[in-house]
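Heads up, there are several structures right after this.
Here chain A shows up in two complexes: once beside chain B, once beside chain C.
Here is the complex of A and B:
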């Protein structure tokens, strides 16, 4: 597109920059991380370590210290995310740097190993790091792919409103069920269960709800043969239950997407702590026994 | 402001601010001690006769005679009472002070007007209170209430939070139960509390029936009063809220004064005399208080419509200063929103911040500082006295009240503002004399949102200035209206037709309710002929506009859908009220992972309460406008703040300072629902403490339970205060919501930049 002409409306100068964490400052951290990796690769190729490249050489030490420093800094994101301290930092910039510098560890740490792997604490640290990184990559994929679905599903309804609507529907259902014959009322009241929304972790993430009580009530009502006095009430209940089923679907999808957006962190973060332990062991053993 | 505290209480009856019951007990006791005859249950229906011989007819038919009458009726009137058996039981109340005070009750609210609906909504607002609220309405529809109230209660009804009974009247109230006549027959229901909001007849009609005249037709008008509080009917006096003095101490003093006057003590000075004397003591001129009042009133143009009594009150709120020649009245960038009136002397406005020699004079009788009335921004220029001067400083709230009550003052202030506005826009060496013709033919028009002031293709040549609100410019391209540009307050539009001598090439309509100054086209043309420099300025701005329009048209033919998208997003944002915003938080739903870190950061940086609700609000094309302050050009919240606690800061942020008294006016006035009333919770344990030992509730706003368990120290007195976004004023990193967003979904924008064509086709 050609450049638009400048407008003369400009009372307050400020920038309305709008870039995602991946594009932040025109991929600044991607460029830096790539540069870092490139230098490390060049170093690896040019510095001829005898008898075999390893972490114990001067070059290896440099890389090792760099990687440890990076890992510790990467961990600090957990603190940064939660600490609203003064200053001009932005979490978006941190995440941007986190992602690209984290990825550069694939190159830096692998070169640091000199491709010497085995069944020991050193390789354990490396494996844990790779787990953290791979889950991180998965995290970025969800961050990029899921938000649109999250917004599209809820439209302009908030989670609070969804829950409130369910409570309201349950209330109306209980009131409407009162005059029904007791067996019919029992069927309707089956669906009135504030706990029957999301279920456990698996249910949340898969969004499969085979024992949805509202579904059950709807199915049973479809088979019921109401009396002439119950029939009009039942029709009204039917509408409410249908409404409830569709609200439930929205809530559950909402919860599913939100769960998927954070679930990976439950591997990313514990693995990080595992990594910290293994890394400590690695560093200590290297200094004492090498 | 003159607080009633500095006012000595002259009355023999005592007063100590406190609980209503205690005050009433004290007064009953004092009245008995003083031997005052009090007739209870005596409702006066009619007053006839004249001074020295009035007769009051009571509802009971009894007639009471009197020589003079003092009315202390208040403005609320008496609430209409419940009429059914059991209507005197103690659980029936006619007002609701704190809806949060009732839990787990069956509450019936009577009355389908605004008061009833608002009370019912308040009681049902928090489901955790567990109240079962029923609104009982006598007619079949809620016709008397405001639209917004009706909508909100109907949706609450649909959500099952409130029940509404129409065509229903009470027949019996018993402790614990109520019996209602409903269209379906009589029903006895559980009921712990009855709140009756059945309206109250305003006292004006009654007062007028005694021959008392009011100052105007307006609902807010007060009776015409002499300095001794006597009405136009000799022998009838009015004191208290009905006289325009709602403060109890004022009212008690007025009662004392009036009785003294009637008893013949005409030498008595009003109770506020010492305060005014103290205020005026250090001024040159040796005038008495009465002379000062008269001097100020006659010299300062905008005060000419006030009565002597108004003037007294006005002066209590204001200050009078004297300045030597060259002394600074206020400096550029200082904070202040008061209005100044020059009673004597004159001032110089320094228009060039770098050169004290470039000034514009303002002479005696006129005003300055009027911009503060509208925007509360910092002072735009330094002002100093040109000769020894006497200047009256009127606080913003008092000035707004003046404008609301005195049409003369309003007209004068409007005329002066328009003139200065024009001078500022058209600079180019204009003088007020040059503008005289234009001003004489100009008019201020109010347009509703969506109303067009210019229509494409039409032959007209008036020029418009946006005084408040904002406009959008649209043009029909290939059958669709395409958004061209956004004009914030302070801009002008319409000059192109004049310059090109062609039909209007675009439609201009109001984005929000706006005040527009309309300048007559032909008069304007004459002005341009006389002022070639002005013509050149306008030509330059018109050519920029032409370029932009051309650009959009050319883009449209190449990238039709992109332009349509831009246009429809702009339309959506305008609909969301961005037209009057200066700085808005937007959320890109393509990036938002719903982590609520924005809300948490907001709460953490502002003593524990979040000022934004991310999820709430409208969305269009994945652009979400959350419930959070937009820092309106003309903040609704500022319009009626009795403590004058809302200001605009240097970066345009509208914020509430610590003098907030928690009255809730701003919350009610905000059309965007972004102000909350709450008590800040106690400080939380530190972040590390939480991370390592699980102490405290963690980042973000603590939940209700934690807040209740950890009241702020000394919170006994800490009531609710108004809380809203202050754009993280004073924090160098800028707004925390944006800083804390991990993905870049949260952005703050100013509409004039965001809605400009430069954004066309920007990638995210």
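Here is the complex of A and C:
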């Protein structure tokens, strides 16, 4: 008696069709955010607020309450992303809503201001909000574009492998250089400075390394006049330095892409908290001097 | 006597490897070279860096073999003798050798540890540090906290603390730095610009909207003179460079709110509910007069960049006049005002005249009609005086141009615009009538004297031969008032005077003047005896409107000629009791029309004639300070 083949009903099926957070559910949140913005624009156009449209009118209060609620909800992404769950409120859905509702704030908050700006705490909150949104737009762009560049640069090489490669090359260089005279050893010593790999924020972002010490070591090596004993060692060192230069190129490109991928967060997140503080000051001051 | 060398190689997983070598005699070399007794891996050291000799029991000497020295306990030296009883730390580049006493006091122990830190600089590479994009700058969290706390401090906490500290004193001089200035949502108008330095002059209580009492503290007209002086002092104390614009409330707030129609359509209803929830009263001063509003800009209204302020607070009409007045009686059942839904349905004028309704003579508003009579107590025929071929014209010709006449009388011969507000100059008997109606008489000694007009007591005294009667004539002609000459410029006294009674049987002269056929009764009604009827003349007939005779379109026709006759049918009036106030239809010939129908078309807006706060005057009176006492009017 043959038994029917056992089927694994709990087996997870892999969805090979990747849908980005931007296209989530056929742009559901784009449509919702656009609808919200259109309703707000329509209300702004139809409601005649005198003498100017402003945040202190009934419609202005409505928009203000809506914007405040949205800002607080958008901030909650920071908490939400630390708890991944599937389903309708998956992190992807949340990020999609975060992006599109965040963009709709440009419309809602600008209408709330009534296009009236000045050197005051209210405009400060608006400016901080716009900084958050603009950096967010940058973040979306790099999240869409840069991961491909990151993969193309490093291939199958992991970060751990990159470090091991560099450490290994430096160790070999150090060992090779031990028998050399101090002058020649100094050339190798120049290239094994770990602080010279990535550099500061600017060098990481631009990937410009005019003071690359490996390149300098190679240049010094070309000019060196070694003794007969040292010459074969120097030839080996040159090979290793060439190899290190090519690894460094990949590592530095990797660092640049990674920096560009997350650098915006160093403005986006602090500006968000600055915005929360300015928003608090805005709301409290408006009602303090009602 | 020997040197014991321990070399410990640290391993990641523990169980370090320790190698021990004993150098009995001779010199030990230390350096990077493979021929050295103690080998260093640091490329900064020399191939042969130093030599170590034992110079005595427990004592060694270290001598640098090249220009590079070494450090002993942090001090750079080229040669040193060390007693092993005192542990020492000798650094060759990044690598360290410690010197200490061995088990045998005569020996010296050297120890070198080769671990993670001494493997070479390359081992310091850390994956996390290397690939962390935030390396070299603040962490996100630190920046977030710094920014948030800075903003909260600068924009909220410091201003509130400063306000609390200065709560006891409102004087701007006590506020060298105005921390709350950043809370201002826009510039104050030029009228209130002096309050810029002190927000609390208007925002007196935190989290409470600006109250009407605050505005009325300076602007309330319904005050006695003492409190008025206090208001002026207060506004001056706040730094106002000018006197406040004084206003009356349109109506009491309870009646005002009752008169307002509820707004049923969804948007307005929601808006009203929200405003009430947020404590914005629909009848508050600030509901119409908005401060902190930017100056209007646009192609026709370029903003003055030096002072981007409005001249006065922005006026927002939250409700139209017709909204309340269209069906006012349905909401205010006791009102005496006639419902006025629009200019087209404006009720007929009701001039304020002396009427004798049921025998009692009183000054009141009466609906304009053809048979209405103004019982002023005067006798005068406009027709007679303006007839081109009449005796009056002949008199004027005789008087000649040098006396201001020379031809038939016109309206302007007696009535002249004052140039102030909307009124005509009051008639002055001696100036306007005296050229013909002289009050001259011959005294007993044969000289010609003139009776004073407006002071019957003095006139009687003169006629009775007692010229020393004290006079109480006060001749102050108010710009707004038309009154019996000589009386106080208050409507109550000007509008109604007591009958003029001549005491006793009177002299012949008195009878001739005040009696039937006498001098006075040419113009005054006789009271059937020796005396005159009282005078009842209102200073203005349309007391709740603000007709302005000074407007060119009102006083001249398109050819620039006076056109009083287009409104006032004076040439057809032969009796002073005729009411010459024109019908509202005359106004409607221009007001409310379009230019297509009427070249002189003008606005039909309520405020063209009725000021909201100063009903009966223009909305913006040219008079700088509005200390106008209106006649008692009907209850709103």
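Observations, loosely collected:
Definition applied: the second predicted complex is superposed on the first by the 263 of 290 C-alpha atoms of A that agree within 3 Å, B and C clash if a C-alpha of one lies under 4 Å from a C-alpha of the other, contacts with A are read in each partner's own complex, and residues count from 1 in each chain.
Here is the rule we go by: contacts are C-beta pairs under 8 Å (C-beta built on N, C-alpha and C of every residue); 3 or more make two chains touch, one makes a residue touch a chain.
This structure is a prediction, so every number in the text was calculated from the model and none was measured.
When both complexes are overlaid on chain A, the residue A:155 reaches chain B alone and has no touch with chain C.
Of the two partner chains placed by superposition, chain B and chain C are both touched by A:167. The partner of chain A that touches more of its residues, comparing chain B with chain C, is C.
In the superposition on chain A, contact is made by A:271 with chain C only, not with chain B. In the superposition on chain A, the residues of chain A contacted by chain B and by chain C overlap at 159-160, 167, 169, 171, 258, 261-262.
For chain B in complex with chain A, the residues that touch the partner chain are 127, 158-161, 485-488, 490-491, 541, 544, 547-548, 551, 554-555, 559, 582, 588-595, 597, 600-601, 604-605, 613, 615-619, 622, 624, 651-652, 687, 691, 698-699, 731-734, 736, 738-745, 747-750, 752-754, 756-762, 764.
For chain A in complex with chain C, the touching residues are 47, 50-52, 54-59, 61-62, 116, 118-122, 124, 128, 159-160, 163, 166-167, 169-171, 173-175, 177-179, 181-182, 185-186, 188-189, 192-194, 197-201, 204, 251, 254-255, 258-259, 261-263, 265-266, 269-274, 276-278, 280-281, 284-290.
Residues 1-2, 4-12, 14, 16-21, 24, 79, 81-84, 86-92, 94-95, 143, 146-148, 150-152, 154-156, 158-160, 164-165, 167-169, 171-172, 257-258, 261-262 of chain A touch chain B in their complex. Residues of chain C that touch chain A in their complex: 32-34, 41, 43-44, 46-47, 66, 68, 119-127, 130-131, 133-138, 140, 143-152, 155-156, 159-160, 180, 182-186, 199, 203, 206-210, 267, 270-271, 274-275, 278-279, 290, 293-294, 296, 314-317.
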